[in-house]
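Presented below are the structures under discussion, each in the form of structure tokens.
Next come two complexes, and both contain chain A; in the first it sits with chain B, in the second with chain C.
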Partner chain A sequence: MLSINKASERDHLVIALNGEVDASNSVELDEVIQEAIADNAHKILLDGSELEYISSAGLGVFMSYLEDFNEKQVTFVIFGLNEKILNVFHILGLDQLISIKNTREEAEQALYEA
Partner chain B sequence: MVKPPNIARSKIYILLTIMSWFALLFVDLVRIFGEINQMEGVIKREITWILEIIFFILLYLFFNNSINKKENSNFLNLIWRAASTGLIATGTSFLIIYFYYILQDTRLSDDPLLRNFFYHVNFALTAIFLISTALLWKHLILYQKNKAVVQQWQAYEVILLISMFFVLINQESFNYGFMFGLIFLIIYGVILSVNLKWIPYLTFREKWKSILFLAIIVFSTVYLLVQLVSYTQKNVHFVNLSENLFLLGLFAFVLIYAVFSFLVTLFNLPTSSVFEQKLTEAISFQKLSQSIQPGENEDQVLDILMDSCMSAAYVDAAWLELHADEEDRRTGTVLYQKFISNGERQEIMDLLKKTEPFSAYLKSQTDARIEYLYGKISHEIYQSVLIMPVRANKKILGDMFLLKEVKDGFNKEMINIISTFVGQTSISIENYRLLNEAIKNERYREELEIAQRVQRSLLPSALHHNRCFEIDGFSAAADEVGGDYYETFRFDQDNFALIIGDVSGKGTSAAFNMSQMKGVFHSLVQLNFSPKVFLSKANSALSRCLEKNNFITTTYYTVNTKEKTIHFARAGHCPTLYFDKEKNTCRFLDIKGMGLGIVRNDTFDQYLEEGTLVYHPGDVMVMYTDGIVEAKNKNGEEFGYENLRILLSSIYELPAHEIRIKIIEEVYSFVGKETLPDDDYSLLVIKFKA
Partner chain C sequence: MKHELKLYCEKSRLAELRVFLSGILSASGLNEITQNQLILAVEEVCANLIIHSHDCNPLNHIELEVHINQDTIIFEIRDSGKAFNIIEYKSPEINAVIKEKRKGGLGLLLVRKIMDKIEFETDPSFNTCRLIKRLKSK
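Presenting the complex of A and B:
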């Protein structure tokens, strides 16, 4: 079960994930991010506070856009991950590549500093 | 009991019949000779009767035997057999008359013995004709028999048998008893003669032929009867063989059945085409309903459909147009065009697009529920049109156009029968498609089984080790195939390499990537790189072959049992759990790392770290994939790292094999029996001994 909400705030786009990301619905996440890139969003905030689980397929989605983010100078910040999911990002090493913050404020700050 | 072969039996019958006939002839001639010379009582007339009965019975047996053998010969053959026998008997009788005509006024022509000889010949042929025909009638009567008819016939046979012996009981001719018996036989013959079920199955031509044959039979029967009776009246010195209830009864039966058949066939002639039509329809149904064999084409069924519909409604021209279909490349093609040229078809199509009610249907094709369209058009040749959509799996496959030259050419019955044909075709095609799909699925399943077998073989069956450590592994896939991988390698006596990995995603795609990982491992391990170099080379290799959103997590270890050291690097894989016997601590070896395929450039190294350990006897190392720690119970709780750590702390004393079993048991019991594992589980346990 996954629901994705997209909202524009100031200069940035907030994508909020609610539920679990697994192999069956990772495509939806992929579509949303692809859309955001296509719309030339330069600042993307991912709200993971309601994210309960993410499988390797879901992590694969973030991973596959890392290069695109670099090329198009998109700032991508994740915030609000629970401890378990944060650990998943950490184990895989993705925390070294993606900026992950605890709170929305920290995340927004990071977004507008860059 | 040994049964004598049939051929021998029929030969015996012939022989016996001929013998009985000669005996009869001899006895009768002697009697007449005695009568002429007034020598009374030389041979009693009862002997004649008994011989006659024997002759009848033998004939009956012989024909019963010989006709039964040709059971599957058709009706026309049977009737022809009767007719030809009748012709022979009649012909012989004519020859005898002609013979006497030549002998006119000679003494020989008055000779009673010669006359009686010819009488016996005539009698024999008549008897042959009657008995054989009666038995042929039996076949016709018993066509599509039911129990009642069979019983009727058996009763009739018994009655005939009794009637043979009637002559012995009732010696006076044509008294009440005789007349009563004869009338009874005639009535019974009439009752039997109602069974004429074979006639409708004759074609029109066959009916004409059978009418001819039946006429011959009727004529022969009447003539032979008259002939036999006339002997009785003409001759003074005479042995009367015809005054037999059996013979007269048979005459009546053969004649009645022939006349009935003749009349019924005659009156059936006009309706015979209808019956033939219905029979063809039934056969068409059967053809349509036979499901198409796998590998054969649907076109064949459509062809049969066209032919069936055309013959059912006397259609003058027709074509079948298939609709555009994404799956089918024969888009909008005209399949089967019968008795109509392309030009004419186009002409009619244009006409139809202008004529209601066809135009609306042909333009939009939206009303999918329409069953048929029927109406007239103003074309110079064709006056009525019927359009039938042919469906399969609720989709319209195409339209069948049927044209007739007459106005209002399709009546309700025709449309009904065509609808049924179309329905049957749909079912056939649907069944065919379902069957094909089932076969395809079956093949996929087999392929998957093969994949499973192949993948099983990718995991090592034996793990390298020496006396310094024990090692034990386990792997289970959630689907048929999985993406977990572990392997060992031995460089020399003291040096080993170990790897454990997990491919992102699961199922078939993960399995393919796992086999790539295995290839990469075996290529690189031989070069004896340090773990960090090994992983960065592996990353470089895999970056070129993995899909954009796929990655592999792995940990690579080198173990030196001489120096008792372990070097390892972690590429995004779950941190190894390590139990230190000396310090009595259990911890995760969490060093910096990055999954293979995530960073696909030279900067990958900078995200890696290499760890080094010195082990002591009693230390335990547990390598696992995320399936183990992320295994969920029915409440959605994960097994978790902490549970694993606590578990190992309590069972580190056990040998590696038992530690492995215990951990797997615990994980499965945590998950519970109701929940299906949704990820692959793999586990590798090493226990150092020296």
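Presenting the complex of A and C:
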């Protein structure tokens, strides 16, 4: 099960994931990010503190937008990942390609300093 | 010890696969990070078969056997769809995945990084993919 919440805060968008992302529902995550880009969001925070599982289908969604983020100067920061999920990002080296912070405060700081 | 699961070829069944694996692995004494890695690797192979070899046909199924031995855990995944030789498949470079804005291709890379050994066999009735993890290795 996955639920996705979107909220606007100050100058940024928070996308909060709750549950498990796999091949059955990664399209939902894809739609939310696509919408955010279409709405010209320039600062996106992904709250992963309630994310319990992610497979390559979900990781692939993030990867597929890295070029768009670059081209459209979108700052995208993930925070709150538990150690199991952080480990999965780490195995593929995605923690080198995506900005990942421990806490919301650190993530916001990264968002507004960029 | 041996555990078996018959998994129907629908993506919505992946959650059921995770519950099955987590039940087995939680009794294994492996830490949570390793348990999650193993669940992920098995799911990646099964998701791949469900989507690419079986076109998500819910009438088809995959058979999974988990053998927990003294020094290894072996996940044996059998199906009778189009043979997908995981050993011959070349995973894409991460940079190419980003450039081409691909959403797929990372799964089997994960499997290779997580497992210690991968075997694949095919005969006219079944394809068998064996994922082997050595215990106390990493």
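Going forward, the second predicted complex is superposed on the first by the 114 of 114 C-alpha atoms of A that agree within 3 Å, B and C clash if a C-alpha of one lies under 4 Å from a C-alpha of the other, contacts with A are read in each partner's own complex, and residues count from 1 in each chain.
By our rule, a residue touches a chain if its C-beta (ideal position, glycine included) is under 8 Å from a C-beta of that chain, and two chains touch if they have at least 3 such contacts.
Small disclaimer: the values here were computed from a predicted structure and weren't measured.
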item	value
Simultaneous placement of chain C and chain B on chain A, clash or fit	clash
Chain A: partner with more touched residues, chain B or chain C	C
First, second, both or neither for A:A23, with chain B first and chain C second	both
Touching partner for A:E83 - first (chain B), second (chain C), both, neither	second
Touching partner for A:G93 - first (chain B), second (chain C), both, neither	both
Which of chain B and chain C A:S56 touches, first, second, both or neither	both
A:A110 touches, of chain B and chain C: first, second, both or neither?	neither
Which of chain B and chain C A:I4 touches, first, second, both or neither	neither
Chain C clash site on chain B (candidates 202-210, 382-390 or 670-678)	670-678
Doubly contacted chain A residues - partners chain C and chain B	23, 30, 55-57, 59-61, 63-64, 66-67, 84, 91-94, 97
Touching residues on chain A, where the partner in the complex is chain C	1, 20, 22-24, 26, 30, 53, 55-57, 59-61, 63-68, 83-85, 87-88, 91-94, 97
Complex contacts: residues of chain B adjacent to chain A	502, 504-507, 548-551, 553, 571-575, 592-595, 597-600, 607, 626, 638, 679
Touching residues (chain side chain A, partner chain B) in the complex	23, 30, 55-57, 59-61, 63-64, 66-67, 84, 91-94, 96-97
For the chain C and chain A complex, residues of the former touching the latter	11-12, 14-15, 18, 32-33, 36-37, 39-40, 43-44, 47, 50-51, 94, 97-99, 101-107, 109-110, 113-114
